[in-house]
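Both complexes below contain chain A, partnered by chain B and then by chain C.
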Partner chain A sequence: MSSSWPQVGAIARRSLVRTARQPASVIPPIVFPLALMTVNAAGLQSSTDLPGFPTESFLAFALAVPFIQGALFSTMNAGTDLARDVQTGFINRLALTALRDWALLSGQLAGVVALGIVQALIYLAVGLAAGVEFESGPAGVLVLLVYAAIVSLAFGALGAYLALRTGSGETIQAMFPVLFVFLFISSMNAPRDLIGVDWFRTAATLNPVSYMIECVRSLIVEGWDAQALVLGFVFVVVLGIVSIALASRALRTRMTRT
Partner chain B sequence: MSAMWNVVSGVAWRTLKNALTNPQIVLPTMLFPLFFFTAFAGGLSQLREIPGFDYPPGYTAFQFVFVLLQSAAFSGVFTGFGVARDFESGFAKRLLLAAPHRSGIVLGYGLAALFRWVVVAVMLTVVALVAGMEIGGGAVDLVGLYGLALLVNFCGFFWAGGIAMRFRTLQAAPLMQMPVFLVLFFAPVYVPLELLEGWIEAVASVNPVTYLLETGRGFVAGDAPHVLGAFAIAIGMGVAFWTWAFLGLRKAEIAGG
Partner chain C sequence: MPFSTSIRGARVIALDGNHPGQCGSASSREVAGSVGPVERENGIEVEGLVREYRKGPRAVDGIDLSVAPGEIYGFLGPNGAGKSTTVHVLTTLLPPTAGTARVGGYDVVKEGPKVRSLIGVALQEAALDPLLTGRDHLRLQATLQGVRKDQRASRAEELLHRVGLADAADRKVSGYSGGMKRRLDLALALIHGPRILFLDEPTTGLDPQSRTALWEEVALLRREDGVTVFLTTQYLEEADVLADRVGIIDQGKLVAEGTPAALKAEIGRPSVHAIPHREEDRPRIAEFLAQFGEPLATTRDVAVRLRAGLGLTDIVRAVDANGVDVVDLELKAPSLDDVFLAKTGRTLEGATEEAEAEQQQKKRGA
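Moving on, here comes the complex of A and B:
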């Protein structure tokens, strides 16, 4: 087992360096969620006048969204990179070495998590610089960073599964609109109890992404909300476990020594 | 004239066929306007309860106009991606050599952008009507709305096409879409201009898209404000971006495609 750690480190380093060398993979996951948050926060500020809106600052309300949106971007990037490894035959060549399959997956996901934490720190810094106050205090910030890491791991594993299952970067990119549906049909722009259209409120309630956003949001605008935290962690941990299990199975198939 | 039309129709047919038969191209074009419409009209409908929000046709119609103009602009921008792809692959170089009238190449892409948007606009309108959108305006108002959106489509394409012919690579895609995205969202997207506060209110007040949006929403309500001003802005921008695109074509010709 201990001899596998250098393998995990090497794969993680490769994953990070490869991402860092592609500005198109690094800049959009950071800039696009922040741009969307900025225009939404400005344009939707007046919605805080609605009775029952949980905060007077829409920026504080909207700050939760980039954490999840950035993770969705990471899914695409991680998946596309891994799919390229399949397409170029890199995975086949690795199959000829002593590399363990779990080490490959762990290394790949470690790189995704590291990038996710960097993204989270940037979103956090922008929020704090813009005057957002964390109702849950410094401990809440720490919980948020841990959550961001788990979300990146879960979505990264989902991207890895899609990549290993399909072996096609184009298919991964084509999944982007599907993942975007989950973000858009959620409580990203309004608390669920203030959504006026019945079917949309029902869809947002059934959508796990709503609970992930609400988990982060609760730390920022409400303080310590046990229900929001438990639901947010449960959904993301379940997604992570299922995705990792599926990705491991798909990787075993890909790396079968013949 | 017939030689020119041959180029225009040939380029338009090929571009349209590529755009509508490739799922990776057609899905984002069709789905993103629907996502925006669903998320805004469904998720934010309570904004109509904000004191001072006064738009009789309702929030669905309020958002429909924004998403219609947005889809028009982005159908043009996405066609610009195709121009860049054609230059990257070397196809545009062969096109420049073969076409007796090179202006027809740009016009052909522009025509494809228009047809591409028409498909999206029909789908979006049907979805909005099924979702219960109310229309207070008459037939003339609706012609005005779609006419305005058509001009926005031309502006979106000629802007993106101008970029594509200058850079001749898909790496310029963010340069094509980010300014369009920002100028659209720096307008009163979610609530009327009077309800915006802070810096966004100042920016939206001088943003030309604000006037297009207010006139478009007015068409749906049957009481369109500053119609002449909005069309003057749209036609003015269209002429400016037309010039921009044809200057881009000259640059591509000088560079040899």
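Moving on, here comes the complex of A and C:
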């Protein structure tokens, strides 16, 4: 297995180089979530007056969203790139080398995680520059970065699975709005117990994305909330394990070789 | 200790990990100075190879073939004949439905990783990443093929020069021409110093100049490095110029095999082609030429396959003596197309057109 690490590194490097050379893949995952956060923070600041709202700064409340939204964006991009490898036959080129299946998937995901961490650092820097204070302190920032890495890994594996299963970049792009529905029907703009519409509150409660956002949010606005952290980590770890298992299986089918 | 040397013209590449069959492995180093096991194992042996797809006919239907070490074997056939499927099976990308195949002495089904370690492959589609540069590709491929870290850069540089891409090495592949992509594809296939090279229609779509350059490179590989080459093509000229032996495949079956000269000799006699001065003379000229051999089905001219012992001079004398009015009279030596025609009843071009029409019909049906 030890001789496979250079292969993992080479695949990860390729993933990063590809992304860096596609401005359309780099800029939107950073700019759009920040733009949405800015618009929401400006328009929804008065919601902080609601009794029970956990913070006086809507910006601090909304800062959690870019971490998840950015991961969704980069997932789609990484999935599309992998699907393109299937479509162009590049995956056959890889299959003809000594590359092991797990090394391909690990390298691909390592690239996604590295990008996820870079994105998270940018969101963090923007938040801190805008005056957001981290209630959980420097240790919370570290936990947040670890969480961002795991979220990228889990969503990256999901993107890889879809890419390998369908082999179509168009299908991955078509999945994009579906994933965004999960984001919008969540607690992204209000704490769940303050959502007045019953069906929306129920949907947000059933939606795992709510718990991912609340995990990040708790570190920013509440400090150390064990329940939020456990739920957030459990959901993302389960998503990660399931996605990696599915992606590994799809890769074995896609990278057929004797 | 890393090493990079030349033994009997064969480039030796040092590799990481377990690469049992490659030039850099201990086994090959041991025998590289004399004709030993590696020499014997550089070939390809195929027996009764069958590959069926779930929906459709047998793409490969019971092929037997043998490629000797250091030989260039041309696998000639029209589109859809089964050439690429055969390559996919021999390069371990597809398991065969039946039959056996050994590449470099290893079974393609049971010993896939060992086969992959000693072959270089350039598939029909030069699957390259448009966002990477030529050098990026070579470094990636070198790492994935286990070339030692301290040799990757120099090996990439050497191959970039070899295929004439040194100046374009740091340009993204999206800006490469078709010929440049093919040359990069060849360089990628050679990065780990393979003993056996599979080239699936390497010159399809290339301009004549790029095609000739690639032929020269392939010939050089065999001549200087002793690489065994399995080359598929639908170009008669390519098989004729490049291959030591040719296998002709049609509808999944190997219909003929031998050296180009032997195959043509099997067809035997040359043909004479006459273009009538006036179209209405065609039947009369056909009748006249028929006394010299058996008529051939052609559209542009009137042609016969000459009987043994006859030559162009016999025809010219007879044409003169009988006052037959022709614009042009030509003697044609048998070509591989004649071999294909004799073996399948179709010309290679016609078979390709048929296959393309069939594919389009299927697409419309779907």
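The rule we apply is simple: the second predicted complex is superposed on the first by the 257 of 258 C-alpha atoms of A that agree within 3 Å, B and C clash if a C-alpha of one lies under 4 Å from a C-alpha of the other, contacts with A are read in each partner's own complex, and residues count from 1 in each chain.
One rule holds in what follows: a residue touches a chain if its C-beta (ideal position, glycine included) is under 8 Å from a C-beta of that chain, and two chains touch if they have at least 3 such contacts.
The shown structure was predicted, so the numbers you read here are calculated from the model rather than taken from an experiment.
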**Report entry** Which of chain B and chain C A:253 touches, first, second, both or neither
**Finding:** neither
Query raised in the report: Which of the two partners, first being chain B and second being chain C, lies in contact with A:227: first, second, both, or neither?
Result: neither
Query raised in the report: So which one touches more of the residues on chain A, chain B or chain C?
Result: B
Report task. Considering only the touch criterion stated at the top, classify A:98 as touching first (chain B), second (chain C), both, or neither. Result -> second
Query raised in the report: A:202 contacts which: chain B (first), chain C (second), both, neither?
Result: neither
Query raised in the report: Of the partners chain B and chain C, which touch A:49 in the superposed model: first, second, both, neither?
Result: first
Report summary line: Intersected contact list for chain A, partners chain B and chain C none
Query raised in the report: Quick one: in the complex, what on chain A touches chain C?
Result: 3, 6-7, 9-10, 13-14, 17-18, 21-22, 85, 88-90, 92-99, 256-258
**Report entry** List of chain C residues in touch with chain A within their complex
**Finding:** 16-19, 91-95, 108-110, 112-113, 115-117, 119, 121, 123, 125, 127-129, 131-132, 136, 139-141, 143-146, 149, 172, 188
Query raised in the report: Residues of chain B touching chain A in their complex?
Result: 23-24, 27-28, 31-32, 35-36, 38-51, 171, 174, 181-182, 185-186, 188-191, 195-200
Query raised in the report: Okay, in this complex, where on chain A does chain B touch?
Result: 24, 28, 35, 39-40, 42-47, 49-50, 170, 173-174, 176-177, 180-181, 184-185, 187-190, 194-197, 199-200, 204
